[in-house]
């Protein structure tokens, strides 16, 4: 048996492509690619939960925990080493999601949506009223360092971009493996019929708990990478409207493949730049309308369209 | 002593606002099983239209007294029309889908309403303090308290009583309980389920708009108030038990007092306290205090 | 024969309603038992209690000597008690094969790491073998939602056998199966199950099927056991005739099961 499947090979090939883009594209566009990777991990986290039928309207919680861990580590302890920050962020996230998981794993459907939202709003409220952390304005982050190496300016952003790309793709590969693995199968079954899952001898609660913690962890990694790239964090990261955008990306892109939310985020980010410039007060309205159209006409998202397209290509090949 | 009185007054004040802002949400969920995120959008629409109408009216220099009619009227017009538009134009085509999908649909509606509000009224803030100011204040145990707040408490009680009466004492209300219990059977009995859905949705959205409209004189109306209120409303109806009007009232009182207590005793945890009581309630009763019963599946 | 399941004084009340009262049943290994009783007699309540879906109000459920009353369903499944459902409980948006693969994945749980692909050739082969045992391998790639009720019933039962139970409850296995096909359906089923030495308790409204396939029969009435013993005796019991079967049913000579089995195989 081959070690990597098609998706995983594509993710591996994506790394050199991203590095070429880094040097080929104009800086402002590279910035969007970089920012989209961080956000894409959060969208991926929303996507894997949606595989279990769980809609998280509070994934921003862990996005924000990642960002603020990076910020607070540098602000209070003078740590700017991205590897140390990642480790701290993951430890904090595993602890928080491990505890919250005991509460949330009991809930499904709208209750899960509502409670994840409420929980992330707690953090939003706490950060918004914390003067030491800049209240609603947040605060700035220093440039990242790497095991004692402090690259400045252009080199710094190049290194961060490459590290972001490596981590994002590595997370995507691991998530793809996880989805193909036993728990990945069980969560799919939970979406379909939880009663039967229990009657087959598996604990739906434990599987959801594990899923929730994994989703939290990659969201936090995304949060660290995103805020390091941007150099700034605000409580908005935990606001439910931010989480709503991740839900939007997954609805639009579909849950068929780990690539879908990553690419979906990038497309959305680039579109947003233009849309907000042309007409700042209709961006959300466009999102809403696109979301309704997707739900009605393309319930499995854009990825299903892409899949059908690929299928048609490959079915034509032998004939040609 | 003064702190205690202040906590009690503010507790009921917050509770009245919370009840008015969330009862429409729980009503729609109870009848239609739709968790209506766009409720926040209706709240904002109500607040903007009331603030805008009051602003226009006060420029004419006539008596402020009439604004107490203008506020509910603005809410009723905008809540009913927009509610009808959303239900007839969109939601009715989506009935029968999973509850979670309906959440996403109403989220999309929320996004659309947010921008629609911005397109109509712009992004600057609206202030319509006159109705709150005009009634003056009274002293309660040495604390000046605006009479407008008492008015809102009165309206909240009236809305609660009205809904109770409507649901339990009228023919339509009793039929509605049948619809809630079993849609298919009620359709087979010749009850016009579609009509009940439309009317319920419109009443729910109008209540949401009313909540916003009545709050408008006390705040400055700015973009984003809809997104804020929906979170509070969730907390209230989760505590009370989704779909229960009585539960929403109890939930509003609990959240209102939690907030009043923290505001007066330890302000930094004001927002935190709301979620704290919610977490405590859910730890004991996972589906809220007055949750609707679920039937046996096998 | 050794006793694998024994219930003692099992009770279940919902508020004022008594759903099960003083249920004492003992089941031997590899036994086949038919359960009869009108709707609401407490048959499914009994199954729900033994499999952990409901917690008994009082009484004991001893499975291989251990009291399992009130344990969660998954633990009872892991110990070796499984069930099928009156309304098939499947993963409707997936194919028949995927349904079986998930069942096998869960049964294999713990033997593979989280990041190891759950499905491989060996597992797929195993799933196809199970489908073949129930004669539904031709439906492997169809979505559950596209299947006829009878096939769904078989998939549901096939899923219940995946954890390799030593005791299996079948809740009205032939409901939704057409009258002509019921006999051959049951023959396929009982043959597939007896190959594994599983004790089977099936709830059934068709007395002919009870006679044909169950050497022992238990009759439920208003939450209690009206009669329990060899099938012929129970079906002839005066009380059972009055309260459960109705007097119109006349016992025929036992149908020739061997014949039916031959037909089913053909």
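Remarks
We call the chains A, B and C, going by the order they appear; numbering starts again at 1 in every chain.
Basically, a contact is a pair of C-beta atoms (placed from the backbone, for glycine too) under 8 Å apart; a residue touches a chain by one contact, two chains touch by 3 or more.
The structure displayed is predicted, hence computed values, not measured ones.
Comparing chain C-alpha centroids with the centroid of the full set of protein C-alpha atoms picks out A as the closest. Comparing the centres of all chains, each the average of its CA atoms, the largest separation from chain B belongs to C. With centres taken as mean Cα positions, chain C sits 50 Å from chain B.
Centre to centre, using the average C-alpha position, chain A and chain B are separated by 33 Å.
With each centre defined as the average position of its C-alpha atoms, the distance from chain A to chain C rounds to 44 Å.
Residues of chain C found to touch two or more other chains are 89.
For chain B, the set of residues that touch two or more other chains comprises 298. Taken residue by residue, chain A touches two or more other chains at 195, whereas all remaining positions touch fewer. Within the complex, the chain A residues that touch chain C are 1, 5, 174, 177-178, 180-186, 188-189, 192-193, 195-203, 210. Listed in rising order, the residues of chain B touching chain A in the complex are 35, 90, 93, 98-101, 103-105, 107-112, 114-116, 118-119, 123, 227, 230-231, 234-235, 238, 242, 268, 270-272, 275, 278-279, 282-283, 286-287, 297-298.
Interface of chain A with chain B (complex): residues 53, 55, 103, 106-107, 109-111, 113-115, 117-119, 121-122, 125-126, 128-129, 195, 239-241, 244, 247, 251, 281-285, 287-289, 291-292, 295-296. Of all residues in chain C, those touching chain A in their complex are 51, 72-74, 77-78, 82-83, 89-94, 101-103, 105-109, 112-120, 159-160, 162-163.
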